[in-house]
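Let me begin by presenting the structure, written as structure tokens, before commenting on it.
Which chain is which? They are A, B, C and D, in the order written, and residues in each are numbered from 1.
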Amino acid sequence: MALSKEQIAQRIARELQDGFYVNLGIGIPTLVANYIPEGISVVLQSENGLLGMGPFPFEGEEDPDMINAGKQTVTKLPGSAIFDSATSFGMIRAGKVDLTVLGAMEVADNGDIANWKIPGKMVKGMGGAMDLVAAAKNIIVAMQHTNPKGHSKLLPQCSLPLTGVQCVRKIVTDLGVFSITGQGFHCDERAPGVSVQEIKEKTAGRLSIADDVPEMVF
Amino acid sequence: MALSKEQIAQRIARELQDGFYVNLGIGIPTLVANYIPEGISVVLQSENGLLGMGPFPFEGEEDPDMINAGKQTVTKLPGSAIFDSATSFGMIRAGKVDLTVLGAMEVADNGDIANWKIPGKMVKGMGGAMDLVAAAKNIIVAMQHTNPKGHSKLLPQCSLPLTGVQCVRKIVTDLGVFSITGQGFHCDERAPGVSVQEIKEKTAGRLSIADDVPEMVF
Amino acid sequence: MNKVFSNADEAIHDISNGVTIMLGGFGLCGIPENCIAALVKKNVQGLTCISNNAGVDDFGLGLLLKKRQIKKMIASYVGENAEFERQLLSGELEVELVPQGTLATRCMIAGFGIPFVPLLAGVGTEVAEGKEMVERQGRQYLIEEAFHADFAIVKAWKGDTMGNLIFKDTARNFNAVMATAGKVTIAEVEELVQPGALDPNFIHTPGIYIHRIFQGKNYEKRIEQHTVRKRNA
Amino acid sequence: MNKVFSNADEAIHDISNGVTIMLGGFGLCGIPENCIAALVKKNVQGLTCISNNAGVDDFGLGLLLKKRQIKKMIASYVGENAEFERQLLSGELEVELVPQGTLATRCMIAGFGIPFVPLLAGVGTEVAEGKEMVERQGRQYLIEEAFHADFAIVKAWKGDTMGNLIFKDTARNFNAVMATAGKVTIAEVEELVQPGALDPNFIHTPGIYIHRIFQGKNYEKRIEQHTVRKRNA
């Protein structure tokens, strides 16, 4: 059965390592914070100027001056630090953030990503996405394997305007875990009960997948 | 009679305007702080990271963590601010410092200045001098008109390695006040009792000076 | 030296049609509410605004958009604003979208007297169109020019009469960066204090960057995404 | 995540011959006294040191110079050090003099992931030799590359176990800048505290830049120019 959004987040959380500084995008990536493995300590960076982001505040304790990059009211944990926007992206650009998790509309089998614009529709802007994908050492995309029309979002090349080129390292979809290898997508794990055949059918880009690709365990 | 060092500083202090941010170099320039005119408020910037530098501390109150760019123990005034070295030179480079006063070994009649190196002798380094002269909007040089050998320090061109090119606006020496005009040095004022003839003799660079150039009054 | 103004109307008195204004804030967090209201009241036209976001329909820069006072918007993210969308599609509004870190850095370098910097963001995307590229250690960078503004308007938590500012939490965002980039920088603060009241060792923006300061009033501080958790029993 | 080391010897355990080290401080103010002593004790050789100054004969980097552990010195001002002069004139020591603001900025941009910047200082002087020049708005700039270091060693006033630092007064100087530019950054602090003890709104260097931290001891904090005024009766 395909993974739920929560399970996608849960699987991505296994990529976390102790001491990681992590930037989590809006949507599924935000959920990763709920599944940080026991015994591991990570620090969440929010690109509007916060290291050490904590959970949402208790009702009545929300502060309009304390938000994350998704404009949600949040808290700061002991040992957190506040800084300005230039410093925030400076640390991202300098490679100090160990892992960035973000959503995507399309990923190409060379690691290109498109997630900011649909021509002809409203253009909201790229926000910090282009900075993050251009600079982060390690980028994991969290997304559905196909779009609402059932078309693959893992493509030979992106059809939408790019956010960044050859930058995605790994993709976790509802169907499995995929690495970008230089020879296209490589399926590392499949979702429980999802067949190799289904993954092949729903992946438009170059794909290597073993018949006995391991099944995820939750 | 030629001006004393104190009088050179006193004369330069008349160039101060209310609200000026001022960087004073080591030596005579430092003395300018003692002659800030009544009713005028200026803020002293020290390029090691301090705005609002105050006088030396009282005996027993000196703090090794509180020094100026000359490595002297100083105090900070109410309303001062501390910052790092990059920010300090950033504000200098961005033209936020209104006036820089510094010493020189030589000034050329096109505004070139040399004040950091004597080839063959010890090279101590330029410190912040090159940054200051390259970026300050308004540079006044405070120096003796001649060197210990009696040779003019106001030259057709500098013989020593340059600190900056075409940057000096004004020079106050023991003999007078000189502007850099584009046609060389122009004598604006002479020291009390110093003759036009003496100034002409001791100025090697191009000089324009009126026979009735005003005499400074103290 | 007097930098203190009595209110927003006076602080923006010489902002005229057609100027370029930077406005601090991220979303609705840390925006200069008083000055925005004064700009609406003054009804200056043809503004170029540099700001990370464009407010919402009825708050923040959305108030200036609604009155069509903005000719051009330079921002990284302008979602959640229907009037913005209408003006953009009708061609009334010119928009330049800039990656957020690039926007912040282009403002920052203005305050450092640096005319341009090479940045990674946007290489290989439409952001790179028409821009010079350079390579270092096998990586491509875009040459990005500094953003200067006729006026930078920022909102701080506390400020003293010398212009020294401190910000509160994530309301610092673009405020601390843009404060350094205005030919004239105006700071509105929640609390205006005397010199000596702020610890010199913990000033976020040194007063040298601030030309005008006033104590604002009636801050609404609207929250865009009100997210909370339940208290355990 | 454990960044805490018990002392300087442990914090510098893997600094080996021939590496490049940045050291914070201005003159003798805010220098990492404990780490310098440990480097002397470890007797690593052939170091390239990036530091605004080179200490005095018997303190600061002068201690490393005296033992001839430094192969190359990158600094803006190296006066007041007779041993430095001797080694320089005898050709034992290689020296690169960099304008102070350029030095600070070249360290800073490393921490911002910016490979080079155009700077004003040194145009038309011998500092410009061999450097690319660019023009903007009629002014000439030198292209200056970022300074990276294998190790950056800084001294702070207080730090927490997450690596967040605050500096005291003008001891901030190059420390806050170099802290961001090390492949490995080591911070020695006068007081090491637990997370939560420092106000997140007033952190000078966020912990993300700091890889190792320890509480130093026996700070001498020597004063170079002891200047005081008499108290009025």
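Basically, contacts are C-beta pairs under 8 Å (C-beta built on N, C-alpha and C of every residue); 3 or more make two chains touch, one makes a residue touch a chain.
All values reported here derive from a predicted model rather than from experimental measurement.
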Once the contact rule is applied, which chains count as partners of both chain B and chain D?
C
Farthest CA centroid from chain A: chain B
Can you work out the whole-Å distance between the CA centroids of chain C and chain D?
33
Can you work out the whole-Å distance between the CA centroids of chain B and chain C?
37
Between chain A and chain B, what's the gap in Å when you average each chain's C-alpha atoms?
56
Residues of chain D touching at least two other chains:
105, 112-114, 119-120, 168-169, 200-201
Out of chain A, which residues touch more than one other chain, so two or more?
76, 82-83, 86, 90, 92-93, 135
If every chain is a node and every touching pair an edge, decide which shape results: line, ring, star, complete or other.
other
Quick one: which chain pairs are touching?
A-C, A-D, B-C, B-D, C-D
Complex contact set, residues of chain B against chain C:
18-19, 21, 41-43, 45, 51-52, 76-83, 86-87, 90-97, 135
List the residues on chain C that touch chain A in their complex, please.
26-30, 52, 75-80, 85, 88, 95, 97, 99-105, 107-108, 119-127, 157, 168-177, 204, 221-231
Of chain C, residues touching chain D in the complex
105, 109, 112-120, 136-137, 139, 141, 166-169, 200-202
In the complex, chain C touches chain B at residues 1, 110-114, 160-162, 164, 180, 194-196, 200-201, 203, 206-209
Taking the touch rule as given, give the residues of chain B at its contact with chain D in the complex, in rising order.
46-50, 55-74, 76, 82-86, 88-90, 92-93, 112, 122-131, 134-135, 161-166
